[in-house]
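You will see subunit A twice below: alongside subunit B first, and alongside subunit C after that.
Entry: the complex of A and B
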């Protein structure tokens, strides 16, 4: 089949940027949309043009590198699917497909479909861990953890840090991402001790990075390729509250945000 | 060169403890005065950087992705081995050691493997403490499953995302150290050369992938944990960015490259579907626990699988290897699939595929159990092929997956360049000629959490470090080499894209140095690789410039290195006149078609040294001695 890709082209953050249309012939239904971009890029290179920049690595939906907005939806129309796993059989011959980058204040533009998502690392850096050093661990089976708890933790831990939740949210909030980490660690007995402090530090960093406030719209979970449930945000709010009540000492120093003065 | 692996004397059980005791320590107050560079943030690099930061060293960690959490380790699916013996099924440190040495077809160093088995149990403890949500039984204890090449259940897993969860554990520990100020993370940055001053590794040259800026990083020691080089084949299960550049440039600076031809072809991957294909997707080996592999008994049978009656199916692994059945090691499973397809029994459009069938397990255990065990893998399969594996058997075919070869390291994980340490898949150490499933994650974490924090201290405590200025001739020479290579690639402006060359190179290797190799084919391949490389440097085209995000340029540098490595792979394969593990030379096989080792002549590690651009590499041999596991013809019958 043949499709037209309408792609956001922007050289760098100071460039204005615009949509450019490209025709791609010989599209096979089994191709992923990234492979379709590969085919386009090969032809652009041979024509002496600059290929479209996009992030990708694993190409199997686990590294979280890929992601752009496809026809208005982060990662495209298929539920629970990353862009790299979205096959072209979901489109029809003659379709025009619009591709644009994540748009959020906290994600500065890099080039074409690539944005800077380091703000998500900063949220983890602020407190998204259990404070245990190498060599300090007790025997693994010494602490029984019920299967339901382990499963609940795993459901949240499946987050790949792609940022689609931010892109999908009208407020550009990072609550689903942050809540996922808080839930992953906070429901486990190992992570219980620090849960209040963790939530306070991570939420403070989230705000400092310029992510918006969560107003319970739920677009995030609909766009999330790992279908992280909305409950993680409720868990984040609970841990935050519990942290605010119990807080006795200063929080860790915040990290300098990616976008200064955000 | 005389290779000294520095293996401690005495009984193998006590070797590591003794080595640790004999090591000199760095005074805690002095640790922060030592700068260490860790290239790579996967399981090996991430765990090393975090652990070294915790000890108080001043660490810089570098990765080419936009965040350390995306290192290729994230993609590991099936699990991680450990000698915990929770199921009480006969597991022990010795058995894990034994299975790994035997699985590697007696081409690994015993002392390293024994230490790996010993460390395995601590890894599970560490990861659980970090919050890795391993699968659990209802009673709350950790769950285990079995994996290829083993008859005990020693594999720990977190659904089909074990690598992801282990890496997130290491990443979180790393972020904690970044916050503590002991580790500086430098992402979106590629190492392009190693700086060697007065014989010691003292730094690296990098290029920032967004600004194109070159940087010099000086340190007292350099750790490479840059992963495997399977992408030399173009199509593999590795992430697109996986490359050989860091270790290859270190090789050209004097580090020896060991056993480059030992590559692992994984038996259960989704078959190639078209020319545009950019990578191959693994279906975890754990599927072989419940899936049965078969082909039709009749050649070229085009009936849909469900219409082929039971007695017209050949469950060839169960037939040929009754005691291991579908759980034979990877090299054996892959080779058998190839043989069946070569003989015309293959299925699917291309005839390059065999069935992996779950109907029996679904009948026995119910769809719910199967969904719980493999749900995300089944979904992934369906997404790609548009077929429902709960109803129709999967079609699978072998694909390049892992590289056992890598930079040569001694027992302390130090390469032949003092101060250059190599961890994880990037080194050659523990898997011999074939890696067992769920052992790479174990090795990466053993190297990073438990070995390097000890051995690097000894190196730092026993060496002197004169200040190295950026104006040092060795530094400037490395910087110039890097720059001029990039300028050349940008200036050729030929007629073919980097990918078109890479694809062609991969095809040559796959055809002549894949699952079956011959002396004649390898010689032919070497000629073809040389000719193609020559064309590359005349006819490649790299668009854009060097001062912004330019993926074609990144790839061009990596493919240039793959060309040189590909030749060394073939030279090594040609030199090894025996079959062992994943290295199958058709000339050397038993009457039943199994790999025929030649222990008398080839029981050594082949460590190749660089001698210059147009001269043959030099072969150094590290003899392998087996005191605990007596080499025998591997049998899985």
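Entry: the complex of A and C
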């Protein structure tokens, strides 16, 4: 099949950027959209042009590297899949497919479809861990955890940190990401003891990075390739509220955000 | 190069009110206060379907017997409205700044119409509220009829007989319903109440409540226009 790819090309963060249309003629329905870009890039290199930059790694939907907005939807029209899992059979012959990078102030442009998502790493660094004493690993059955809790934690831990929630949100909020990280640790007994401090620190960093606010409209959960439920945002808000009430120490100071003056 | 870097920090910590989560919690609580008023006001209004002396006595009771308490309630409501709007404006500006370059194409795949139009339904309802207070509380605007202080029943009938007053009222109340159908559920989310089973019920309950509120309010101008109340 033949498709036209309308791709956002931008040399670097100071370049203005524009859409460029490319025709790709030999597209197979079983190709992923990333493989389609590979084919295009090979032809661009042969013609002596600069290939389209995009991030990718595992190409099986678990690493969180890939992702761009495809026809107005983060990771494309298929639910619960990353861009690398989106096969070309979901498009029709002759389609024009628009590819745009994640757009958020907190995600500064690197090149073409690549943006800097270090802001999400900052949020993890702020509180995405548990403080445990070193020593021998405790007896596995010494700390019983109900299946419902384990499932809730695992559902949240499925987050691969791709940033689609930010891209899909009309407010460019990172609430689903931060909520997933807070829920993943906070519902388990190992992480529950410091849930208040964790929520305060992670929420502070999320705000410092200049992400927008959550209006609970639910675009994020639909775009999320791991289908993280919206409940994690409520869990973040609950832990943040309880943490604010119980807090006895000084509020945590966030590290300098990726984009200054955010 | 073995330099020990000092991690640069944000100039200050982020307080409850400075965080978007804190502002949303304030919006949830102030929204709940306004919702309580909306329910109370609707029940009071429905006395229009009884004899005229009922609602006139009720109006007299509010404006004379408990006037001090009424001013306390008005103060709380004004504070709630002020905080709700302040938080909304600040958050809207923050969200606008969070995406300086927009998408050339963006599809809504999961959100409700009500949730996407909160920024429109809110200000229109506020404009209506000001008009409504000037018409029925202060009596400054009362087209095509004379406002009679104390005659609540008569004022409502003469006010709603004007077709565009009724139309504006019905339109605004429908927008209020739209605002509530998302806001009532969203408030629970903002203060951290969610559960896989609870969430589904809350969404349905929020829509049902919004419909009941809209029907309760607009039944009055419709009845006046149809001549059921005269």
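To be clear about the criterion, the second predicted complex is superposed on the first by the 254 of 262 C-alpha atoms of A that agree within 3 Å, B and C clash if a C-alpha of one lies under 4 Å from a C-alpha of the other, contacts with A are read in each partner's own complex, and residues count from 1 in each chain.
The rule is short, and it goes like this: a residue touches a chain if its C-beta (ideal position, glycine included) is under 8 Å from a C-beta of that chain, and two chains touch if they have at least 3 such contacts.
Because the structure is a prediction, the values reported are computed rather than measured.
Participant: Identify the partner contact of A:103: answer first if only subunit B is touched, second if only subunit C is, both if each is, neither if none is.
Facilitator: A:103 contacts subunit C only, not subunit B.
Participant: Just subunit B (first), just subunit C (second), both, or neither: which does A:137 touch?
Facilitator: In the superposed model, A:137 contacts subunit B only, not subunit C.
Participant: Just to be sure I read the superposition right, which of the two partners does A:20 touch: subunit B = first, subunit C = second, or both, or neither?
Facilitator: In the superposed model, A:20 contacts neither subunit B nor subunit C.
Participant: Examine A:204 and indicate which partner it touches, taking first as subunit B and second as subunit C; both and neither are also allowed.
Facilitator: It touches subunit C, and subunit B stays clear.
Participant: Applying the touch criterion given at the start, work out whether A:34 contacts subunit B, subunit C, both or neither, answering first, second, both or neither.
Facilitator: first
Participant: Just subunit B (first), just subunit C (second), both, or neither: which does A:145 touch?
Facilitator: first
Participant: Tell me which of subunit B and subunit C touches more residues of subunit A.
Facilitator: If we count touched residues of subunit A for both partners, the winner is B.
Participant: If you stack the two complexes on chain A, which partner ends up touching A:252: first (subunit B), second (subunit C), both, or neither?
Facilitator: A:252: touches subunit B and subunit C.
Participant: Show me the subunit A residues, by the header's touch rule, that subunit B contacts in one structure and subunit C contacts in the other.
Facilitator: In subunit A, positions 252, 255 sit in both the subunit B and subunit C interfaces.
Participant: Using the touch rule from the top, collect the residues of subunit A that touch subunit C in their complex.
Facilitator: 19, 69, 71-73, 98, 100, 103-106, 168, 170-173, 203-204, 207-208, 210-219, 221-223, 229-231, 233-242, 244, 250-257
Participant: Flag every residue of subunit A that touches subunit B in the complex, lowest number first.
Facilitator: 11-12, 28-32, 34-35, 38-39, 42, 44-46, 48-51, 53, 55-65, 78, 80-81, 85, 87, 89, 110-111, 114, 116-118, 120-121, 124-126, 128-141, 143-147, 150-151, 153-154, 157-158, 160-161, 184-185, 188, 190-191, 252, 255
Participant: Subunit A touches which residues of subunit C in the complex?
Facilitator: Interface residues on subunit C, with respect to subunit A: 7-10, 12-16, 18-25, 91, 94-95, 97-112, 115-116, 118, 182, 185-186, 188-196, 199.
Participant: Enumerate the contact residues on subunit B facing subunit A in the complex.
Facilitator: Interface residues on the subunit B side: 47, 50-51, 54, 65-70, 72, 74-75, 84, 86, 122, 124-131, 133-142, 158-159, 161, 164-165, 168, 171-173, 175-176, 178-179, 185, 187, 210, 239-241, 273-274, 276-279, 281-282, 379-380, 383-386, 449-450, 453, 495, 497, 499-500, 541, 543-544, 548-549, 551-552.
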